[in-house]
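Each of the next two complexes has chain A plus one more chain, namely chain B in the first and chain C in the second.
Let's turn to the complex of A and B:
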């Protein structure tokens, strides 16, 4: 320290090996985690992506060749894919909207104090804990007129003209998985919205009550603005999940009747595990990934705009 | 503006009574401060006037009209909350005009009311800002502006300055006083800070444990506290208390303290001979004299700048003395003090005031 110049010139003359070690040191420390991330996340993703450009059919031992954009050309002419895309929009939109609307109503009900509220809050969470395959089987049986009561009730109420299985009716079949999905997904919205509701300071409601706001005005001018960020993020998440969520459809209708309940995710499943065409399934998955990424980016940008406006 | 009258107003949750039989007449334009320690029921009483809490018993009238069962919005009162309770997603102008917009007043009326209020409160540069972009004092002003624009019958304040730092609190206190002088609005103000109560009130209602202890002008409560609670609560540092025994003479009574000090009073107090009484004296009324009657050990010296607070031990009890004599800053182990008889307060065993000195 007494000879700063000597120290500095010493640093300049460091051997190359030493300089490399200094620069690489942080990377060595991070290496175990980086290796893990690459192995667990990037390798499967890249492998999956590469399948989309290769001809991979499990039953054909001579397949596996690189075929460029051939899958995508086929996909562009695949009517079943476009039908699945349309069904996905319908399935996702109806499920998210109903889950959100009913979840919000439930959250508002659970926000008011009443005897036994703790128990009710715990019970509301129950559907979420049911495995999706079990939920799908359960609802498939409920809709089955031989063992389930629902067709008979609906016929008695005049909703159906006869106690038939709606899962077998091409025009109504999509409602089966949607209803099961709504039942299964309401708790997610109810619980997250309830948490957000309970974070709203009570005295803001009191101030509004004194200012002259009725229940509806309090809901519109206080509750909704306070819930808006939570609503935005939960709807974004649920939309992506539900668009990818084929379990219920596979279990309840398997995409039928006549592909009327086939969504993109279940179409991928059908291509990969029934026709065993992994290459084509990967190509569809890639398209779905791009669509969902675009949707997410759109929401993120809108949200950013809203935050900046604040 | 309006008068507010409470007649035997009570509040209980099930069998648990939190407020019992409050009688209070608030005249038009009066500034009444409800003061007491936390949990004394003062906020509950205010919220009952606002309509945010049900009234279990008794009647509440505003301008002669019984309003027990009226919704808050139909009582035509405005309230300022401790947390300000501003609408975070509305800017200052929208916060202030919300009540008028709900009442579907015309745009011109709203703009005029908002600009009048914001001018009075110095909020003109901030009208477009959201509450989170404002300081605590500015938010407090917006909360007051929101109350002012409506021209309500009465203003209710629920500890409005508690979230501000000391300097700002002092400033806003003066501002509220100025505003009240200007608007002449009937106001009910809740605080646990007895300085706020003393400085703002035309009348103070001192409360403890769900009941009213004393109602009167600030200096009345200071000079003639009705009981031990009010005596101890109003004033800072608080009043000193010493126990003694009453000896009745022909002209006057004498209080004999535990070590035999005899303190003759200037009047005869209505107490039995030999009855235990409590003497009270404010720290600023205690005098120091070389030939003082009572010995006191000095425990602690606190200079406040304005004066000095001496923490003493008298008869094994802690005792405070306030003086502006800086000579007393010198460290010393003991002092001799006098308790001037015209400054003494005497309370009976149940804590009620016995004599007016």
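Let's turn to the complex of A and C:
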């Protein structure tokens, strides 16, 4: 910090080699990641997208021809797809909202020092370590009135009129995977937000407390603005992941009963691996990709605004 | 003063509620894994069976390839998490500290990779890896998992770098250190909580990934743990006792890992450094 003038005039007289090195520097840091992403994700992605315009059926050796927009014409008339789209909104919205709200509360609770915090933190973060496949089966068992306790408890509390399996009830079935997903996903938000909370300089709080700011005021004017960039990026990624996340639904309800829990991602899975129609599955995936892209653009713009405001 | 005590009680009660919610399903997993088969349905709703057995555990350890699956998963998850953390720290740093042309293209590229259902990549990736001899190998799996996890990890690391004042490395660079030295010796140590969080996320993601492990690996020698779990689910019968026993054992490395990284999350290293 001692001689800013000298440094600035030095920068103006940099030779060409030095200027090139400066321009290339960020690319050296980013190159390994970019190479990997292009080779293992982008190239296969483009290959996969090309399937959307071809007739690719795994068991049919005569398939593979270019068929243009045929899949999309079928898709436009596919009622099951529209139902899945509606279910996706409900599944994603409810899961993200509950995970975020409960995760933020947990992070705030854990941000205060208290005896046994390390242990409590280890225990509440544990669900994230459970393989989703296992988490799904485990929750399916908990909801099963024959061997699981939950239906009986819910009936006793008056939430259910009788101890039935909510996974078999067309009106309630979606809550099963949503609850399993919330259970599994709270630690994600809690960990990210807690780490962001820990990075807020403590003296800002002290200064605010001296100035007479109450807890709520400190939360709104210090904590939230500091967390905002982290919140925006985690909600964005989480929404996209959950919209694409079919494991729990496939394991717990397989899209049933009566397609009430079929989301677009599980519909794609069904088309690809049950009916082995990779062409049609790719076409649906392309539509889902475009929708999620539009959503992400919105969040990125909001995040950029938030950063520039600071 | 009573207000303070009430707040403390409410705080502890809320923490306790979270712990119960987080652990109850895992408790149930444990309970099913020690319930003898003949009591599985008759005492299904009881909190603890009238007598317990470790038969399921013994069967899993002695009669299945689970020890191999376990070792494979450990290799894959450790390699992936270390590789991802190193690569994403570099890329996250580039996104956080430099303004350069193409930055938004990089962000857009990485966002797009998060938006596509991964199911659709199975067939193309298999076609690409097989001539390289990377199907049916743990190396292939590590490469694929690293690529899948690196975009998110980069955003995460970028967020953590954004939280560290630029003055810190600028001061070091004025004192004559190169940027890379400043990055390695000043910025990285301050990001330890972020690095621990990244390691934790990637480890568990690689530990529990099922789809690609299933598609890229055939046979038991390089199968990972989730694939092994799936072998317990056949079309006609599911041996829940054995599967849950295997599941409980699958949780052990994850638990250990979380216990190890706890303290890095709790340490507010940044606050201390900025103050000093």
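A few notes on this one:
FYI, the second predicted complex is superposed on the first by the 266 of 310 C-alpha atoms of A that agree within 3 Å, B and C clash if a C-alpha of one lies under 4 Å from a C-alpha of the other, contacts with A are read in each partner's own complex, and residues count from 1 in each chain.
Simple rule for what comes next: contacts are C-beta pairs under 8 Å (C-beta built on N, C-alpha and C of every residue); 3 or more make two chains touch, one makes a residue touch a chain.
Since the structure is predicted, the reported quantities are computational estimates derived from the model, not experimental observations.
With chain A as the common reference, chain B sits beside chain C without any clash.
Once the two complexes are laid over each other on the shared chain, residue contacts for A:138 go to chain C alone; chain B is not touched.
Of the two partner chains placed by superposition, chain B and chain C are both touched by A:201.
Of the two partners chain B and chain C, more residues of chain A are touched by C. Of the two partner chains placed by superposition, A:170 touches none, neither chain B nor chain C.
Of the two partner chains placed around the shared chain by superposition, chain B is the only one that A:211 touches, whereas chain C remains out of contact. In the superposition on chain A, contact of A:47 is made with chain C only, not with chain B.
In the superposed pair of complexes, A:222 makes contact with chain B only, with no contact to chain C. In the superposition on chain A, contact is made by A:241 with chain C only, not with chain B. With the two structures overlaid on their shared chain A, chain B and chain C come no closer than 7 Å at the level of C-alpha atoms. Shared interface residues of chain A (contacting chain B in one complex, chain C in the other): 201, 203.
Of all residues in chain C, only 11-12, 14-15, 18-19, 21-23, 25-26, 28-29, 32, 40-41, 44-45, 47, 87-88, 90-91, 93-95, 97-98, 100, 102-103, 106-107, 109-121, 123-125, 127-128, 143-144, 146-148, 150-152, 154-156, 159-160, 162-164, 167, 170-171, 174, 179, 193-194, 197, 200-201, 204, 207-208, 210, 225-226, 229-230, 240, 243-244, 247, 250-251, 254-255, 257-259, 262-263, 265-268, 270-271, 274-275 touch chain A in the complex they form.
Listing the residues of chain B that touch chain A in their complex gives 50-52, 71-73, 77-79, 81-83, 85-89, 98-99, 102-103, 130, 146, 150.
Residues 1-3, 7, 23, 25-27, 29-30, 32-34, 36-45, 47-48, 51, 105-106, 109-110, 112, 114, 117-118, 120-135, 137-139, 141-142, 146-149, 152, 183, 186-188, 191-192, 194-196, 198-203, 229-230, 233, 236-237, 240-241, 244, 246-247, 265, 268-269, 272-273, 278, 281-282, 285, 288-289, 292-293, 296, 300 of chain A are the ones touching chain C in the complex.
The part of chain A that touches chain B in the complex is made up of residues 201, 203-204, 206-214, 217, 221-222, 225-226, 310.
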